[in-house]
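The following pair of complexes shares a single chain, chain A, combined with chain B in the former and chain C in the latter.
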Partner chain A sequence: MEFFTKFPVMERIALMEMKKGIDLSFRQFSREYGNGIEAFFDPLLFFLVWLEKLLLNSPWPIIILVIAILAWFGSRSWVLVVGSALAFMLIGYFGMWNDCMATVAIITVCTTLCIAVGIPLGVLMSKSDRAEKTILPVLDMMQTIPSFVYLVPILMLLGIGKVPGLIAVCIYAVPPIIRLTNLGIREVDKETLEAIDAFGATTWQRLTKVQIPLALPTIFAGVNQTIMMALAMVVIASMIGVKGLGVPILRAISNQYLALGLMNGLAIVALAIIFDRVSQHYGKRIQKHREGRNL
Partner chain B sequence: MSAVKIKIESLYKIFGKNPKEGMEHVKNGVDKAELLEKYNHVLGLKDINLDIHEKSIQVVVGLSGSGKSTLIRHINRLIEPTSGKITVDRTDVMSYDKNALRNFRRRKTAMVFQRFALMPHMTVIKNVSLGLEMQGIDPKEIEKRALHWIQKVGLSGYEERYPQHLSGGMQQRVGLARALANDSDILLMDEPFSALDPLIRKDVQEILLEIQSELNKTVVFITHDLDEALKLGDRIAILKDGEMDQEGLPVDILLNPGTEYVRKFVEDVNRSRVLRSKHIMQKVNGIDLSRAFVVNENDFIEKFIDRVVTEKPSMIAVQDKQNKNVGCISSKRLSEILKK
Partner chain C sequence: MNTFKKIILSAVIALGSAAFGGIANAACGKVVVASQNWASAELMAEVDKFILEKGYGCEVELIPGATMPTFTSMDEKGAPDMNPEQWANAVYVPLIKAVEEGRLVIANKAPITGLGEGWWLTPGSIEKHPELKGMTAVEILEHPEWFPYKEDSSKGAFVGCPAGWGCQLANAQLFRAFEMEKKGWVLVDPGSAAGLDGSISKAAESGNPWLGYYWNPTSIVGKYGLIQLDFGVPFAGRENWDKCITVAEQDCADPKPSAWTESEVNTIITTKFAKQGGKDIVKYIGDRTYPGIVMNGMLVYMADNQAGGSDAAIEFLSKHEDVWTKWVSSGVAKKVKAGL
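Let's look at the complex of A and B:
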C-alpha cells in the first residue's frame, strides 16, 4: 500500500549527487570557457558602452531633438513627435534622465542583436521544415521558461554585468522575431513565387525580391514585439547588473518606495508606447502598395 | 508547315507518394477515378504527345482538372514529369541542371498567369522589368524596354502605380508586358484571360493577336473556353482527365469532332462567328462563278450571313486578297454547316 500513497522518489543521496554533478560540470565548463565566451561578446559590450556614453554625454536638448526627428521619420505624425519629446522632457524633469538613457541604450543594442540573429534564423526555418521542427520547441521553451532560471547559468558563465544582462534580455526577446519571420515568409503567396521561378530567379533573388519584401509587415510585427519584450525584461535584467530604469524599481520593491517605483514604471511605459507607435507607423508606411484602390 | 519548336513525347505525370508505382497502374489501364480511389494517387497527365510549331499559337483546351495547367508547367519544368520527354529547339529540357534550367527560363520562355501573379510590392514598371533584371541587363536598357512594352499594352502613364491600384484587365496587361519584355521565343499562357470579364477579355485577346502578328512567337495558350480557343488558336489540343482527346486545326475539331466528349464540347459554339469562309469552301471544279455572290476567304460567316439571307444566292464565290477565286460554297453546304 505504501507504494500508492508515497511517490517513489529517487534516493536522496543519489539525487543530490546528480545535482551536484551537473553543477560541478557546468562550473568546470564555465571556468574553462567563461573567459573565451566573454571575449566573444566583447564587441557587443563595447558597442553598448559606447552608445550609453554617447547618450549620457550629449547635451539633453540634442538627444530630444534626435528623438523627435527619429519619431518624425518613423511615423510622419506630429502628435507622436510632440508626444515623444514631451515624454522625454518629463522623464528628465523627474530626475530619471540617466537611467532612461541607459535603458534606451540596452534596448537599442538588444533589438539590433535580435534582428541580426532572428531574421536569418527565421529565414532558415522557413526554408526547411526540419529546421522549423527543431527550432520551434526551443522557442517555445525560451518563451515559457521563467527568466530567473536561465539567469543562473548565464551568471555562472559570465558573472554579473552588462553582457549577461544583455544576453538574458535577448533570450527573452528574440523568439517573436524568429517566429514571425518564419511565418511571414511561409505565408507569401505561392503564385507569386511560381511567377518569380518562371522568370528564372535564383534562391537569393527569390528571397530578397519577393519573400522578404512581402513578409515585411509580419517581420515588422516581430520587431515590434521584440522591442516590447526587451523593455519588459529591463527590471529583471537590472538584477544582474544592467543599469537603467529597472534599478530604482528594484530599490523601490525592497524598500517599499511607492512613488519611486511608480515613476520609473511609468517611464518604462512611456518608452514602450513611443517605441511601439513609432515602429508600427513605420511598418505601415513601408507598405505603400497596400493602400486602397485608386482606380 | 513550320518547324517543331516544342516536342512533348509520352509525358506522364502522377501526383502522390509513389508516382512510379502509380504509373505502372496507369499503364495497365487503371483510369483516373480508380487510381485515386484504390491507390490514392492523382493522375495528372497520361501519355501526352504534342508537337508545337514555331511562330504559332497552340491552344490547349479542357475543363478544370483536365491537366492543362499541369501540362504547360512541364514546358518550363515548374512541374517535373513522372516520365516522358520534352524537347525545345531539339534540346532535351529534362537534361538541364539547375543553372541551365534557370537560363532556359530566363531567355527562352516567359509566362503569363491566370491570376496575374504580379509582385504586389512593385510598381508597374518594376513588375515589367522583373524578367530583364533576372537576365542581368544594364538598368538603362531595362527601363527603355520596360517602357516600350508598357506603351505597347496601352498602359503608358501607369508606370509608377502598384498592381492593386489597377483593374483586372490592366493587371493582366502588365502580366503580358512582363512576359513580352523578356524577349523570349516561347510564351506560356496559363488561362491568362479567364479571370477577366467578357468585354475586357475581348480587348486583351485583340492585343495578343495584334502583338503576335508582329512578333510571331511560339505561344502555348491554356483556356477552358472553346470560343477563345477557336478565336486565338492556330491549332487546338483538347485534354480530358489528363489525356489528349483530339489535336488539330480549329476547323477540324469543330467540323469533325473525334470523340463524343469533343462533340459535346463544340456543340454550343456559334459557328458563324468562328468559321471563316476559307474553312468551309469547296473546290471550284469548273462551276461558273461569274455571277456568284463574292466573299473574302478570311471573312467570318457572320459577316456575310445577313446578305446571304436577303439575296439568297445559290452559290458563293470565295476570293483571296487579289480577288482570285479560290473556292466556292453552295447555299446547301452553308446551311448544313450552320445547322449542325
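Let's look at the complex of A and C:
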C-alpha cells in the first residue's frame, strides 16, 4: 500500500550526489573554458562599452536630436518625434539620463545581436521542417524557464558585468524574432513563389528578393517584440551588474522607495513606448509601401 | 460548583504533572526559535532545537524569520522566544531600549567568533601579486593596476555591495573617503547577492585577483579562503560612521577614512523564556560559541552538499563534539549524543 501513498522518490544520498555531480561538472567546465568564452565575447563588450561611452559623452542636445531624427525616419509622425524628444528631456530632467543611456546602449546592442542571430535561424527554420521541429521546443524553453535559473550558470561562466547581462537578456528576447521570421517566410503566398520559380530564380534570389521582403512586416513585428522583451529584462540584468535603469529599481525594491521605483519604472515604460511605436510605424509603412505596389 | 471543582482539580493535576515533568527536564516546555533565512542562522537554530529538545526536554518549534521582522515580533509580541543570530547593528537603538525595559535579554554577546564585514581578497590575488601579502587596504589602494576592471582596463575594480543594501552606502562613502576614484578605481555594483557571490567564485575559480566587500561567517569565505584586509586606518569613531559613512552622499559630503565598524551579533531571548527556561538553559545559550573556522566549515559543507539546516545540525553535532560538549553539562551531552 505504501507504494501508492508515498511517491517512489529517488534515494536521498543518490539525489544529492547527482546534484553535486552536475554542479561540479559545470564548475570544471567553466574553470576550463570560462576565460576562453569570455575572450570570445570581448568584441561584444568592446562595442557595448564604446556605445555607452558615446551615448554618455555626446552632448545631450545631439542625442535628443538623433533620437528625434530616428523617430521621424521610423514613423514620419510629428507627434512621435515631439513625444520622444519630450520623454527623453523629462528623463534627463529627473536625473535619470546616465542610467537611461546605459539602458539604451544595452537594448541597442541586444537588439542588433538578436537580429543577427534570430533572422538566419528563422530562415533556417522556414527552409527545413526538421530544423523547425528541433528549434521550436528550445524556443519554448527559453521563453518559459525562469530567468534566475540561467543566471547561475551565466554568472559562473562569465562573472558579472555587461556581457553576461547581455546574454541573459538575449536568451529571453531572441525567441520572438526567430519565431516570426519563420512564420513570415512560411506565410508568403504560394502563388507568388510559383511565379518566381517560373522566372527561374535561384534559391538565394527567391529568399532575398521575394520571401524576406514579403515577410518583412511580420519580421518587424518580431523585432518589436524582441525590443519589448529586452526592456522587460533590464531589471533582471541589473541583478548581475548591468548598469542602467534597473539598478535604481533594485534599490527601490529593497528599501521600499516608492518614488524612485516609480520614476525609473516609468522611464522604462517611456523607452518601451517610443521604441514600440517607432518600430511599429516603420513596420506598417513597409506594409503600406507593398500594398501600394500591389494596387 | 461541580464544574468549579473540576477546574481546580484539573489545574492541580496539570500543575503537578508540570512540576513532575520539571524534575525530569528542567521545566522547559514549549519554545519558539527563529530560523532566519541565511545558512548560519538556520544551522544555529537547528542545533539549538536539537540540543534543547534532546538535552533539556523542551518542545521546540522553528519559525522562519529575517533580521527586522523577527526582532520586531520579539520586541512587540514576545514571540518567538529566541533568535540565535541577531545582527545588532541593524537594531541597535531599539535593542538597547528593549533590554533596559526588560522585554529582551542578550543571552550571548558573541555566538560566533571572527565575524564581521569588511574588504576581502581572493587568494588568487596574492598568487598573482605576492607583494600583496600583508598589505593593508590603504596600501593596496595605491595599486589599482593589480585588479584590472574588465570594462576599462586602465582602471581597478572594487566590487561593492549590491544596490539597495545598507552596506552599499557605506562602501560608496568609503570609496569617496579613501579618494579611490582619483587613485584610478571603479566602484562596481554587483547588482544582487547572487551577483556578488558570482563575481567572487568566478574570480576564485579562475585564480584571478578580486578585491571587494564581503562578510563573515559565510560559505564563500570558507570555501575560497578569502583573506580579510586590515584597513590600515583605525575606526574613525561612531560619529563619522553613523552620521556620515552609512548615509547617502548628499547627506554627508566629507566622510573620513575609517576601518569597518565592529559587527555585533547576539543571541537574544525574551525575558519570559529566560525565566521559563531556567538557569541551565540560559547558561547553555551563553556558553554556546561557534569558532569562526568551524562555522565557515559548516557553511561550506551546507553549500557543497546543498544541505539544509537540519542536515547540517546533525553533521555539526556528530563531527564537532569537542566544540559543543563544552557548552553543556556532561549529563546533557550524553542525552544529546544518545539522540543523534
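Rule of thumb we're sticking to: the second predicted complex is superposed on the first by the 287 of 295 C-alpha atoms of A that agree within 3 Å, B and C clash if a C-alpha of one lies under 4 Å from a C-alpha of the other, contacts with A are read in each partner's own complex, and residues count from 1 in each chain.
Everything below uses one rule, namely that a contact is a pair of C-beta atoms (placed from the backbone, for glycine too) under 8 Å apart; a residue touches a chain by one contact, two chains touch by 3 or more.
What you see is a predicted model, and the numbers here were worked out from it, not measured in a lab.
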item	value
Which of chain B and chain C A:Gln205 touches, first, second, both or neither	first
Touching partner for A:Glu191 - first (chain B), second (chain C), both, neither	first
Partner chain(s) touched by A:Ile219 [first = chain B, second = chain C, both, neither]	neither
Touching partner for A:Leu155 - first (chain B), second (chain C), both, neither	second
Comparing the two partners chain B and chain C, which touches a greater set of residues in chain A	C
Contacts of A:Ser30 with chain B and chain C, given as first, second, both or neither	second
Chain B residues touching chain A - in the complex, by the definition given at the top	76, 78, 101-107, 109-111, 113, 115, 117-122, 130-131, 133-135, 161-167, 170, 182, 188
Touch list for chain A against partner chain C, complex	16, 19-20, 27, 30-31, 34-35, 45, 49, 148, 151-152, 155-162, 238-243, 246-248, 250-255
Partner chain B, residues of chain A touching it in the complex	189, 191-192, 194-202, 205, 209-210, 213-214, 216, 287-291, 293-295
Chain A partner contacts - residues on chain C that touch it in the complex	150-152, 159, 162-165, 168, 188-192, 194-199, 201-203, 205-206, 304-307
